[in-house]
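As written, the chains take the letters A, B, C, D, E and F, and residue 1 is the first residue of each chain.
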Amino acid sequence: MSVPENLNHFNAQGEAHMVDVGAKAVSTRIAIAEGEINMAESTFDHITEGQIHKGDVLGIARIAAIQATKRTWELIPLAHPLFLTAVQVELIPEADPARIVCRAEVHCAGQTGVEMEALTAVSIALLTIYDMCKAIDRGMVISDIRLLKKEGGKTGLWTRETRS
Amino acid sequence: MSVPENLNHFNAQGEAHMVDVGAKAVSTRIAIAEGEINMAESTFDHITEGQIHKGDVLGIARIAAIQATKRTWELIPLAHPLFLTAVQVELIPEADPARIVCRAEVHCAGQTGVEMEALTAVSIALLTIYDMCKAIDRGMVISDIRLLKKEGGKTGLWTRETRS
Amino acid sequence: MSVPENLNHFNAQGEAHMVDVGAKAVSTRIAIAEGEINMAESTFDHITEGQIHKGDVLGIARIAAIQATKRTWELIPLAHPLFLTAVQVELIPEADPARIVCRAEVHCAGQTGVEMEALTAVSIALLTIYDMCKAIDRGMVISDIRLLKKEGGKTGLWTRETRS
Amino acid sequence: MSVPENLNHFNAQGEAHMVDVGAKAVSTRIAIAEGEINMAESTFDHITEGQIHKGDVLGIARIAAIQATKRTWELIPLAHPLFLTAVQVELIPEADPARIVCRAEVHCAGQTGVEMEALTAVSIALLTIYDMCKAIDRGMVISDIRLLKKEGGKTGLWTRETRS
Amino acid sequence: MSVPENLNHFNAQGEAHMVDVGAKAVSTRIAIAEGEINMAESTFDHITEGQIHKGDVLGIARIAAIQATKRTWELIPLAHPLFLTAVQVELIPEADPARIVCRAEVHCAGQTGVEMEALTAVSIALLTIYDMCKAIDRGMVISDIRLLKKEGGKTGLWTRETRS
Amino acid sequence: MSVPENLNHFNAQGEAHMVDVGAKAVSTRIAIAEGEINMAESTFDHITEGQIHKGDVLGIARIAAIQATKRTWELIPLAHPLFLTAVQVELIPEADPARIVCRAEVHCAGQTGVEMEALTAVSIALLTIYDMCKAIDRGMVISDIRLLKKEGGKTGLWTRETRS
């Protein structure tokens, strides 16, 4: 069996490498990803009340996400180092069922996309929420981490049609 | 509103801090977490065939996960630095629907638990799979990242009763 | 000239090394450091109003400080890796003249002190405040970063007598 | 109260983000920062004699500063990753009162300034001097960390008029 | 004695700095480095059989090398941060005497070369092989780490004429 | 073929993991490693004269080595995080043929050895020398990186009998 041509992290011998993007044009890259963490009603109440008062779980999760985004290439073995030009992380409390939805948007002017950066931002934001609330709710579940949209590069625009 | 007593990452003024664990006993800490990435059948086939041949997506995801586990305290703002004594990451292909399940087990002899380490291992393993297959399947979804079990410390054993 | 005996980061030949602390007893180490950033009145007003509203400069500075504290041994060449057990960072707005005072307290059970960790926490908190306000006030000045107190280890308690 | 327009690390809701610099022109950015560490006469003598002999405190502080400068974006939460093109760190012993003055100059061709890089260089150089001399002088004080000059970008040249 | 002009990491006073590359043209930079690890026959057999079966020492060494390459500028004090565009690491078992040869090729579009990145890739790959086999063979020796070729920049092409 | 019992980074299925050291006794671990970089006579002269004057190549290499040693577990995928208690790096100029020999000694009180830390120290010291002299001598070769001795742990003392 040969390696499929577009599984491009492997060469013909199936050995991993960091893909050569040197010949690609520099273009503006955008990626938007989303995910959520489901929790008990009481946990949800503590977090959302914290937004008004001071124990700011979501503010800390947002900062953790932005910082991790910049280090995506250290975490994902074959990812390229990138100069991110913008990172935006929204954390939206949604009831019924109780959950926090995280949406991250990442921009870069480069030769490769920022999908992994957006997905990493979402993952770390949700893990940070877990960390800060685990003493009161170990049963929280992180789900539906997925790409919503990406723009730029040779393959151009991609959007998720329906919510998975 | 007062901060709930066990939301212990915040002081009485709602300010975040790294919780003082200096008075806690050192005990063996174990945590097991699980999660999965759902994908197209064709993506699943490429990955699982790669296990037999050489383009070893799962082997690389396993290494990425182990490395990230050791750096959990850099990623999660209020997590403590820890001496991990063991990290084990399983990646299990499961059909119907096509997905890779990741299960991570982390051990430590310390004053605080390793739940975040196990959840981070799972998250990074699944993100790495996404990275290596995104050229053929951008629609993959990471789900059900959750703690299955934790042992040790003052609160002792906790197990998830039913699959969320 | 010989190297003074207690300039212990150097050997007899004047070559730097990471001091051998293997024979030292493990004891509880505590260090408290302080520093401040001076600013224009208008900058001060924006920051302190932000505490009530949402643009939370001080909350972000606190998180940055806690994270940097854990990485002190990466930043300071001859510092030892340490298991911190507690990190607490206070940011206190003080008028006349307008400034934010940062006080950090770090705990550890180890063979070497945590003075550098407390001083690094203060430095990074103040630098983060500078970063977030520099667009409105480039003239801010960071000053008086100093150790207030340290406990534990062979040399025991040390306290700064008068404010320098 | 609305967020002041140029406190641009926050959006209209007061939520932090990494500012979008994608539309900014790439220009040569330069920043120069300065700071000092005050110390006992005897400490000063050990350091300055070390320059002639071998226990090279200032040489090590310089290296620590250069290395930390490259990691500024890991330390300061909302700082952008940057390709630095030059880093220069001077450490100047000055008597009456006894102190070491640190001056750092950082260059970059990018879409955002390098003020934070220069200020971080100074901070880490001075912290490293503290670390290496703390066994003989715990009372040292780090002061007057401030920007002297910055060039490039939309806001152009800025210079500090008088010593604060 | 004056500092030789092209020992350019030092200024006229002999003080280290990160060389100013701001005026250099951006060009495609390529470097190829090689090295090897010598081992007992039985160790060699375990590694090479592992390639066919599953205990994939070389696959893990390759990933470790790629990841370390991206962090070369954190490890080598005066190295510049760089956007690598391609990293390729080959690990070639060679008998008589039993050894694994590592060859790494690194590409970048930048103002400074990638020799250090290629040499770091080789070093970390060989160290990782040592780590994974040390339980059965502590006597392994890493040798002949050297640059084979570099292209790009002001000095242009350089190739090693004969094997050292 | 089964995985040899003491190739303990792999489980029975040949999958990599971070070995469980939780049941091992804490003991003092020591490792000493050595290696060298060979160079042109003229390069050697510049480096050794720099020791007397100010362009201190060896001093910088020593600091780089100490810092990298502390991060060995980030570089070597299956290495355990460790609390190093001492790191010492010697750089010895030796003529005929012209070379710098690096010897590193690392101590730790832990459940696993520090061989990789000592070998990493040597590797990074030699790479840093290469970096600082490459402008005048691209042909330098790093060789003979090997363990000289290790103490502590279940397997106890090991010494290299003859120079490989």
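Operating definition for what follows: a residue touches a chain if its C-beta (ideal position, glycine included) is under 8 Å from a C-beta of that chain, and two chains touch if they have at least 3 such contacts.
Composition by chain, UniProt nomenclature: A, B, C, D, E, F = Cyclic pyranopterin monophosphate synthase.
Quick caveat, the model's predicted, so the values are computed rather than measured.
Across the assembly, the mean Cα position most removed from that of chain A is the one of F. Using the mean of the Cα atoms as each chain's centre, the chain most removed from chain C is E.
Looking at A-C and B-C side by side, the one with more C-beta contacts is B-C. Chain D and chain F have Cα centroids lying 32 Å from one another. Averaging Cα coordinates per chain places chain C and chain D 15 Å apart. Contacts with at least two other chains are made by residues 15-16, 56, 59-60, 63-64, 67, 71, 77-78, 81-83 of chain A.
Contacts between chains, counted with the stated touch criterion, involve the pairs A-B, A-C, A-D, A-E, B-C, B-E, B-F, C-D, C-F, D-E, D-F, E-F. Across the complex, chain D is touched by residues 56, 59-60, 63-64, 67 of chain F. Remark: chain F residues 1, 3-4, 6-10, 13-16, 35, 38, 46, 49-50, 53-56, 60, 63-64, 67-68, 71, 75-79, 115-116, 119-120, 123-124, 126-128, 130-136, 138-147, 150, 158, 160, 164 touch chain E in the complex. For chain A in complex with chain E, the residues that touch the partner chain are 11, 15-22, 73-74, 77-78, 80-83, 110-111. The part of chain E that touches chain A in the complex is made up of residues 28, 59, 62-63, 66-67, 69-71, 81-90, 107-109.
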